[in-house]
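Presented below is the structure to which this report refers.
Order as written gives the chain letters A, B, C, D and E; numbering starts at 1 within each chain.
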Amino acid sequence: SESAPGSAATGSSAASSSAGGESSEEIIKAASAAGKIGNWGLGNEYEIQALLTKYGLPTDYITQDFTMDQFDSDAVTLASAMTYNELGLVVNGYDGGYNYGDSVATIDMNDEGVAMLEDNLFCSKAFAQSNPNTVKAFVSASMKGWYYACEHPDEAAQIVFEAGSSVSADHQAYMAKEVAKLVTTDMKGNTVSADKVGQMQDEAMQQTLDLAKKYIILEDASAKEKLQSLTLDDIRSTDYLTYDKDKDGAVEKSAVSVQLKWLPQAQFMGYYVAKAKGYYDEVGLDVTIVSGGGDISETTAVYNGTVDFGVTWVSNLINADAGGMDLLEVAQVYQRSGLVLVYKKK
Amino acid sequence: MATMELEKTLPSAENNVEIMLDQVGMVYQNADGKDVTALTSVSLDIQKGEFVSLLGPSGCGKTTLLRIIADLLQPTSGTVQIGGETPRAARLKQRYGMVFQSAVLYDWRTVRKNVMLPLEIMKVPKADRIERADKMLKLVGLTDFADHYPRQLSGGMQQRVGIARALAIRPEILLMDEPFSALDEFTREKLHVDLLRIWRKTNKTIIFVTHNIQESVFLSDRVCVLSPHPGRLSAVVNIDLPRPRTMEMKETPEFTALVAKVRNSFEGV
Amino acid sequence: MKQLKRLAHMAPNVLLPLGVAVLLVILWQTQVLHKLLGTDTITLPLPTRIGEIISQNTAAIGQHVEITLTVALGGLLLGSLLGYGIAVIATIFPKWGAGGLTIVSAFNAIPIVALAPVINNWTRDFSNDVSTRSTFAKILVVTIFCTASMSVNAFRGLTELKPFSEDLMKTYAARHTTVFAKLRLPNSVPYVFTALKVSVPASVIGALVSEYFAEDTVGVGRQIRENIVKGQYPTAWAYIAVACLIGISMYAILMLAEHFILKRRKG
Amino acid sequence: MKRLKRFFRSGTMVTLVWVLGIAAIWEGFAYYVAQTKRTPLNVLPHLWQIIGSFFSDKMITGQMTMIQLIGNSCAETLSRAAIGFLIGTVLGYLLALLMNLSGIVEKIAFPYLMIIQMIPILGMAPIILAITGDINTSRIVIAAILTFYPVSTNTLAGFKAVEKEKHELMYSYAASKFQHYIKTIIPSSIPYFFTGLKISAPMAITASILVDTLQGGNGLGCMLSQSLKGGMSRLVFWDIVLISAVIGILSFYLMGLLEKLICPYKRKS
Amino acid sequence: MATMELEKTLPSAENNVEIMLDQVGMVYQNADGKDVTALTSVSLDIQKGEFVSLLGPSGCGKTTLLRIIADLLQPTSGTVQIGGETPRAARLKQRYGMVFQSAVLYDWRTVRKNVMLPLEIMKVPKADRIERADKMLKLVGLTDFADHYPRQLSGGMQQRVGIARALAIRPEILLMDEPFSALDEFTREKLHVDLLRIWRKTNKTIIFVTHNIQESVFLSDRVCVLSPHPGRLSAVVNIDLPRPRTMEMKETPEFTALVAKVRNSFEGV
């Protein structure tokens, strides 16, 4: 698509990231003073806290629920939103939407320099070591699915919808397009070829790790220590991005499961497409997709072996590793942050 | 078969009639819709200051009749007058004192406070209340237990608290439902004497339910014998033993004869 | 001497469970427990680690405890009062009241905590200040959580009188208010305690869960959830331990209160 | 005519009026919400919207209509709840037996029963998952844990409530311990046991729904959670709230029915 | 004061002594650690086939003594022998039948099944059980109520079921704790006659606790008077009225004299 640098992620044509007159700083300071900045918490707050710190503000926020009612009613004036999900609902008029159109604007974490990497693919180090071929096969088939999905977002949306998603088909289509942008654009706004999906850019990874070290607050002294000592090599490995059946050999474990970070929706279209298109079958895997969003988080589920793979945000993985879970990122799907703060223009 | 003895009183024309029962009947409606006839057509006049016993076997309607007089139950037929008024009016004027078949004490009150309960309701001044309660407790021999809770008392002691409570309000009409049946013979005999003394002093009207023939004869001016299925008044026996009654009287032939007479009026049912 | 004897008599009641507790902690600390349950020291951290976290964060934990206690006690109080009030009304109108109580007890069958997010919506206009309206929403959840058991039990306490005790009042021509003050109210006291034995633990659990969904990111429950979702199990355990302590101490206070208030009746 | 009159005075009528009254109040608020809120579905929908959505043939997810979705989820959740409930009941009963047989077991176990009740179960869930390794198993385990407490404590209370005289009666017959339990202790504890079941049956269902929300898959709680998170229509949430209330009440009545079947003597009059 | 009457039996050398109490004493330990002396130094021999009454005011230790004989309580001093053995041995040989102060019926059993209960425990064949139960129910006049549940019976009827149950096991030693105190005079008198008939036919040893003097005199071979604070045996009165006893005897001067004698032995305490 024709996404230009700087506006790549704020995909809706309506919402723009520079509102006439007011600067981001003024808006953030005003909202902070009123105590009306919102986020979901539970590990999604670090970018917001980094942003607030950047402007010398206290890091308090209101907990948002999973609707945008608080934003609608002005209980929250600067609300967290994912470009592909909540922002779409705020802007658009379809079923479930609030139809604000271009009367809202956003502040983008990527532009502000406080972006952290989000949806990735990970497993436990122990699992990767004892099942290298399974991991490679799963990663490569999944990335093939992602590649196809980014090329054909409408078809991908339809596949997700039929796989049991309950979000409206309209919203699903919107989401697929927006997600494709996150996969194919990096934090600086440069285009990343979709056939490189899964690659780990060290600079973005490092920025994420550095911010995580600063904003993940831990009460557990030994976890704190562990967090500060983490390096990129502790949390990610590029060894599993490609799989050659003939050279590497057959998979060690053929029935595997992956737990998503959230409900079944186009946010995870790559996996649904890989399953529907038979990419997993091709490499000899039988994959179960477990939906997430409950309190048994994907990191916990992977750590204790309930599932084999998980999709999470890099900061969540760092957090879990600091707690001693020994998890390993094996692919980075989103190349830039999908988080924005949305507000109503004056 | 003994001879049947019926001395039903005719409606008295005297104006010191205190309680007047006219053709009183009671039919209970059971949960399953069946009717149970507990009393049929009981007519009886009781004089002011009289001591009357209701005597009869279990289930003959003694308690039912007492509750009708006390306005705790509405008869399904007939009328009741208390001093020319309805039982309700008499109750609202607080003319009744009642001793139930079981003690009916309040767990959360000490013995003394249980006795004081009606006095509180009748707004007797506090100092008076305590004095009157303690006097009654002394009468029933429970002075040492005034600060105990009901659970700490034996069944007989509890029943005595109930009696003390009823006497404390100095009611004009005292209704007693088998008050002494839980007591041993000695406590009972002592209380017989005490009850008669109080009655003589205060000129109460007393209706006393019992199934003990000796007791009824010893205490009463008249014994009303009820018979069951359905409950009705089958005999009224005048007890013309002299007053005051003494324990020794129980061994006199007159007493034995009256007991036999009441017993026969029973068996004639 | 006699007191000593009585203490000796009571000793097994305390010593036995305490002994088991010590044994449990030893098994836990030496990781025998982990082998038995097939788990590890991250999901089930060692007692020393949990203790360490608690002792290193007493100030922060204290703040969260204060907030959770406010919610639990506030909701418990309001819920109990409301429940008792409903019971009183049901006593005044027995026929309609009893039917209404069936409905109230039906609320027990709804996962009320599922309503917590909706209650946030209902209370959004309550105040402009997040902390105020959030506390209000949380207290409301706990209130609803505690109402049913109190109203059902209190109704029983107000109406299940010993035989003839009402008749006794009637023979004194006592007024309804007198019957209430001198008979029904005191009669209901043990029932109130029965209700509290259910609703005290419920108020703590309710407070924790209401914090899960609250707008304000504070409280022991919220900390449990945050740390579990973030994979910080040792810290989550520290807060779970604190939550247990809150529950147990509230229960202990209740038992003591019951002992002192009801001991006279038991003789 | 008479029947109609009876109906108007019956308990069913009272409940009906209440349900209608509450429905009216609900609708009143729903009307207000519909006027004032932009997303009334998130706050308080009309009752007819909720009930109507059950029967709508609109696809709620990619493949299912509302009634199919709820039906499937219900089956999943209820079967887990039922298994957990059964396990909890059996274990709770056995523990009560053990506690009654041995004072030491009782002294040790009883405080822990109390404490287990205090543990925030949702916080414990991930730990139980780690131990069981399977989300469905851990859901069953949690339902069992929550069922366990009321059954155990109530049954134990039932064992303890056997009158002293009944024990002595058995003792005077030189009955064996087994006969003592079979003929006296267990039968007399049955009403208490059912009190426990009546508390824990709705609890098992509630718990099962709550634990569903912890991880994806199928079940009422999963759907409820997805609906709350904007994953599907908010009506799914309201439908499940309604359904869970109905099921919870039914489970309560089911236990009552079972009790009536097992102890007919409790039927009044 | 009446003259004191003490006819304590000396330890009998005859070998048909069935129950031998030697200096039996009982001190209860209260919950608050205080000692309550309920019985001191009771010595008494009871012959095989004898009918003995224990008479005394409330709280004098009658029930305590009965329970000691039945092996429901261990005396704190003195010894008890039943047919040369310990009470425990006698109990294990199922030689006792016991009627409690309250009826102690099982709610969940019909009247017939309540009577059959001890027979089940003693492994009497089923057909026999029913036959024996029905015979006993006929005796106490409850044939028509065999299939009723205890709740459907009046207090007096319940007590009669308890008596039928004790008789059904044909015990060698029958211990009865105020079995008739809940009954009205007529039922009571009928049961007196029936009890004496059974006793005569089966040659049981009966210990009968009561606080009714007339009853004790009418029924017994010997009346043992206990006095309270602390409980002790204060008099034993031989009742030399001829057997079989009839209702008419109650009006004879001999009977009245014996009642007076017992009463005096009381008041001398």
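Observations on the structure shown:
The criterion applied here is as follows: contacts are C-beta pairs under 8 Å (C-beta built on N, C-alpha and C of every residue); 3 or more make two chains touch, one makes a residue touch a chain.
Since the model is a prediction, treat every value here as computed from it, not as a measurement.
The minimum number of touch steps linking chain A to chain E comes to 2.
Per-pair counts of C-beta contacts peak for the chains C-D. Chain C has its Cα centroid 39 Å from the Cα centroid of chain A.
Averaging C-alpha coordinates per chain places the centre of chain A 87 Å away from that of chain B. With centres defined as mean CA coordinates, chain E is found 51 Å away from chain D.
Between chain B and chain C, the centres computed from C-alpha atoms are 50 Å apart. Counting partner chains per residue, chain C has residues 43, 117, 121, 225, 228, 233 touching two or more of them.
In chain D, the positions touching at least two other chains are 42, 122, 126, 130, 133, 228, 269. Against chain C, in their complex, chain B makes its touches with residues 67, 70-72, 91-94, 96-98, 100, 102, 104, 106-109, 117-118, 120-122, 148-152, 169.
Chain D makes touch with chain C in their complex at residues 11, 14-15, 17-19, 22, 42-44, 104, 107-108, 110-112, 114-115, 117-124, 126-127, 130-131, 133, 202, 205-206, 209-210, 221, 224, 228, 237, 240-241, 244-245, 247-249, 251-252. The touching residues of chain A, when paired with chain D in their complex, are 65-67, 69, 72-73, 85, 89, 96, 98, 161-167, 259-260, 262-265, 290-296, 300-301, 304-306. If you check the complex, the residues on chain B that touch chain E are 57-59, 154-156, 183-187, 211-213, 251, 256, 260, 266.
Considering their complex, residues 162-165, 167-174, 178, 182-183, 186-187, 189, 264-267 of chain C touch chain B.
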